[in-house]
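Take a look at the structure below.
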Amino acid sequence: MILSARDVAVTFGRQTRAVDGVNLDLVKGEIVALVGESGCGKTTLARSLLGLVRPSRGVISFEGSPLEYSTRRLKAYRSQVQLILQDPLGALNPRHTVYDAVAEGVRIHGIPGDEKQLVSAALARVGLRPPEQFFLRYPHELSGGQRQRVVIAGALILQPRVLIADEPVSSLDASVRGEILSLLLRLREELQLTVLVVTHDLGLAWNVADRVAVMYLGRIVECGPASEVLTNPQHPYTKALMSVVPDVSQKDAIVLQGEAPDASRIPAGCRFHPRCPVAIDQCRTTMIPILVGSEGHEVACLLKGKS
Amino acid sequence: MSIATQRRRIALTRFWMSFRHDRTGMIGLGILGAFIIVAVLAPILIPASALDVTKADGGRFQPPSLAYPLGTDDSGRSVLLLIASGTRISLTVGIAATIISMVIGTTVGIMAGHFRGPGSHALVGVTDWFLVIPFLPLAIVLATVLGPSLLNLIIVIGVTSWAGTARLIRAQTLSIEGRPYLERAKALGAGNWFQMSRHVLPNVIPLVLANTTLTVAIAILSETTLSFLGLGDPMAPSWGAILDNAFSTGAVSRGAWWFVLPPGLCVIAVVLSFTLVGRAMERIVDPRGRD
Amino acid sequence: MSFLEFCDVHVEYASNHGMLPAVRGVSLAVEPGETLGIAGESGCGKSTLAATVLRLLPESAAVRGKVLIDGSDVLTMGWGQLRAVRWSQAAIVFQGAMHALNPVQRVRDQLAEPIRLHRTVPSSEVGERVRNLLEQVGLAKSVTKAYPNELSGGQRQRVMIAMALACEPDLIIADEPTTALDVMVQAQVLRVLTGLVHDLNMGMILISHDLGVLATTCDRIAVMYAGRIVETGVARELFDAPEHPYTRALAAAFPRIGDPLARYAPQGLPGDPPSLGDIPTGCAFHPRCAIAIASCSESAPRVVELGHHRTVVCNLVGP
Amino acid sequence: MSLIQEVAVGGNEPQGASRRGRSLGLTIGAKFLRAIVTLLFVILFNFFLFRMLPGDPIGLYARGRNQDAEQMLELRRLLNRPLWEQFINYMSNPFSSGIDSTRFSRPVWEMIGERVWPTVLLLGTAVALAAIIGIWIGTRSGWKPGRKFDRVSTGTTLTLYAMPEFWLGMLLLMVFSVGSFGIPGFFPVGGIVSPGVDTSTPIGWFNVLWHMVLPCATLTLIYLADYSLVMRASLMDERKQEYIGLARAKGLRDSAVRKRHAVPNALLPTITLIFLSLGFVVTGAITVETVFSWPGLGLLSYEALRGPDIPLLQAIFLLFSIAVICANLIAELLYVLIDPRVRS
């Protein structure tokens, strides 16, 4: 286990509980997909794993030792766990060249060695060859796929152990998407990287993830091996999510009513019950325990197994 | 480092290429160049005696002639030479005051935009206060209390005019703070200083520069107004002070247009050209203008 | 007769680097009551093509060819006639409902505007009609008094759909109507949209980058690449058995969950879509094509009719 | 100050996050509170500026003049009392600060009271005219930028924007009152009314109007430059918005798109900025009233300045500040009431 969240909660203001008790373990060398609608707290959870927000409850631990929030410790931590953002154009400073963008981590952490060589190597690793050709380009002169590769190179130059990728391909063209996902798979092979992919796209999870965790309103409601969760979903919410993936072979889509729920007004009992198509009276009142978030297939539902 | 200089050169060249195609901006730059040459050469070409009331050799309020192309003032000095030497003072006050204003405005703006908490709130409060308070009455009170001198004039204009810049820079900083690349820098481990100096500052600098030229225009106008009200240095008459002199010696009722018209036209030319250059720069650097 | 017909439409944008071709010769028809999907990636010209229908392109765009609505050419129409066609014969559901609604007008007034303008119903019944429209798209009456910023993304998109229906047009053009929305809300909005279009027997052009969305909602699909149509066909057939290498890549980009072939094998294309100023010669797709041969870079691809509405523009496919 | 920059800022300010969830009443209350705090700071500034500056405040007070010895003694007693006592005394009437006008030896608030109405009349008329004309010009040039009307009007307004207002006043005075370049002097040289004319009669009103033409024209020209540039920038911003495209798609005529959608939306920030610009309006009043001897607060400031009459100057500064703070408050409240985006 390389990175783990234990009973983590993140509160904004007085009421908004964006993440409300989550357990999640990342094992070395695996790719985990964290899936859910926007506003379900998946990005906030990712940010707290990076140490960018401090949980109001619970512990994040890296290689067994809990994360400390002193400036110096955080800085050291950040060379180990790196972030890849959704919109590569926004993630690159428009006034910095590719070289500057990739070298940034080296400069911040004062990594020894020839900067130029390190940058070249990082660019080559993500498939931008020959690297020298890209040094003086600006982000707006690159294509979407190239930009995302630059962002990944900037993260890899610190030789991190864990990558956290927040919707890494959702702003890219469909034809480029596969190339970036293949790159993630290749990096996992070559560098034994552990990757957490935050996404709303179940197809992506099927493409790359070993394990899937489905989040709803601040909690993980179902998690387990991707092949099991995605082919045999147990939680009604996962079933609904699966059914609306545009796919001609599906017949009956379970379209849930209403908008994404509000994290400042979490319902009692099972938090999914107001939108759940199969809810029974007990669901309104019975508390559902937090999932362990480890390797097995777990479901946070009163009715699991019966249907 | 060669890559950094190379990059800077590329950026500068690109900026100049865009600016060169902006017709009004280039006209402004041309006019400005002419005035700057006059300002630099004035003390060399104009003998001190020409500006001395006691040594003036022309008649009172003489209309333009060959010897005095723009006529004479109430004490017989050449209006042309007065204006030429006033150029230096008007430009100096305008630019010096702007530097003060920009340094305060940019620092306050970036700090107020980058940090959170009570300190930032206090900075925003002070900025808002200076924005709300009417400029000229405040400047008059300050200048009166400090006494008339060139340095005080610069300080008063600088200290009363930074708030607009601070607000602009704060807004820009806030919008940069919200961009993903700052999040990425934080995730890479960058501290406050690194974030502000490497990401925020380079992205606000072009806006600061465009804003600077616009602020110079306003500072020169402010200087003219304050000098007209008699708050300038009586020993170093700027264009505003010349107009004050013209007004208080009755040039208007005498119809001495050569004493009134030219200083005002100079103010317009300089302020307008600063405005044109500033607007052209703004068009090039304004992130909203592109894509 | 087709309700809408594009005949060899070309669109070029004026820029500092000369004219940039966005649409390069598109011919396409929409039958009355038919839903046509246009698929393609950003910059392939699909939105530009849609904007020609109501002549909504910016002044920097030059359009050639014919766009026939009910037999009359939109591109050469007088302004008066064009205004009469706009919204009453063809209406648009814009992409970003946040910016497409006037932020300082109430929903009610914005919905009533086209109804009053085209005198769809007597003015005494406009209020009634507005309430009906909102009901049709599944919104509460209270929404009439709301301002756009008080609504959620999904609600705004429903308002946009209600507005498009306001004058009972024969054709609705929906340009990426669900791009900014969440999966579940996307499903809700698509369901409302396709349901109404079907019930009211309207024609629709649905534009999307997601071939899966189009395959589930459209009758027919046209795939665009670099300003040209590369493949057309009946939706299911095209999605199940794509012929053009580009369509194949698009279809594989969104894998079927459960398909063992897609597990740990995301499919993509090398390279990037071409920029408008730099479209490859011959077949524009050849630099990224897995099966391209030397001649693809020289000769323009031919149009192959495969029967039953199926055409592919490729030199290497078909008989 | 430059209003044009303000428009540019408005677009960038991230809205919502901090405002969301706050009720309308609370928002309005917060704005009132801020206005009061701002005012308090003006008063504090006034109080301390006089007492804390290096040097002898009494010397400053009496700069360059012989003073009544008894009055000076009184003043010295006042300034020797503890600071908090002085402050309480000051707060009881911030306008007079317990010190009479040095120049006129009268309570300053009495003198100010006489001068308020001419200024209100002059500025009110000029701002109203400038707003109407400026918005019209800005609308016409901003809707079709780059056309001839736009090029000519933008050139003119930028020149007016660069012009010292008192200089324009001096020129108008020289040409139309004194008479130059063959034009007979037509308008009065200054003042608000001819000597001996009773201002309570219709003839008197006409006389006042006649005196007002030139100063009012000067101010109107200067202000309209600013207002039209703001309206132009604001309208050009609106033109790019997508809802304008939607309005066209609905089949609206160009003129209807402009009148129903673009102009009303562009007017929102413009009108607010007109209210916010009172500080800039006041600047014009001081110099232009001086040039035309218009007996308002501006001329009074000039007279106080030439003294220098510091108690009077501070009182005028306070009054102008109150006016500007109130105008700001009104502008912000208007915005909250008109623009639904701010409200929710």
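Think of it as A, B, C and D in the order they're written, each chain with its own count starting at 1.
We adopt the following convention: a residue touches a chain if its C-beta (ideal position, glycine included) is under 8 Å from a C-beta of that chain, and two chains touch if they have at least 3 such contacts.
On a predicted model such as this, the values are computed, not experimentally measured, just so you know.
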Touch-network distance, subunit A to subunit D, counted in steps: 2
By count of C-beta pairs in contact, the leading pair of chains: B-D
Chain centre separation in whole Å, for subunit D relative to subunit C (CA means): 52
Cα-centroid distance, subunit B relative to subunit D, in whole angstrom: 22
Subunit A: positions in contact with at least two other chains: none
Residue list for subunit C, restricted to those that touch at least two other chains: none
Chain-level touch network, classified as line, ring, star, complete or other: ring
Chain-to-chain touches, reported pairwise for every pair that qualifies: A-B, A-C, B-D, C-D
Parts of subunit B lying in touch with subunit A, wherever the complex brings them together: 3, 6-7, 10-11, 179-181, 183-191, 194, 198-199, 202-203, 287, 291
Of subunit C, residues touching subunit D in the complex: 54, 56, 83-88, 91-92, 94, 96, 99-105, 113-114, 117-118, 147, 149-150
Parts of subunit A lying in touch with subunit B, wherever the complex brings them together: 50, 52, 71, 74-75, 78-79, 82-83, 85-87, 90-97, 99-100, 104-105, 108-109, 116, 135-136, 140, 151, 154-155, 158
Residue ranges of subunit D in contact with subunit C within the complex: 241-243, 245-253, 260-261, 264-265, 268, 338-341, 344
Subunit C to subunit A touching residues, read off their complex: 41-42, 152, 154-155, 182-188, 191, 209-213, 215-216, 236, 239-240, 246, 249-250, 252-259, 262-270, 272-273, 288
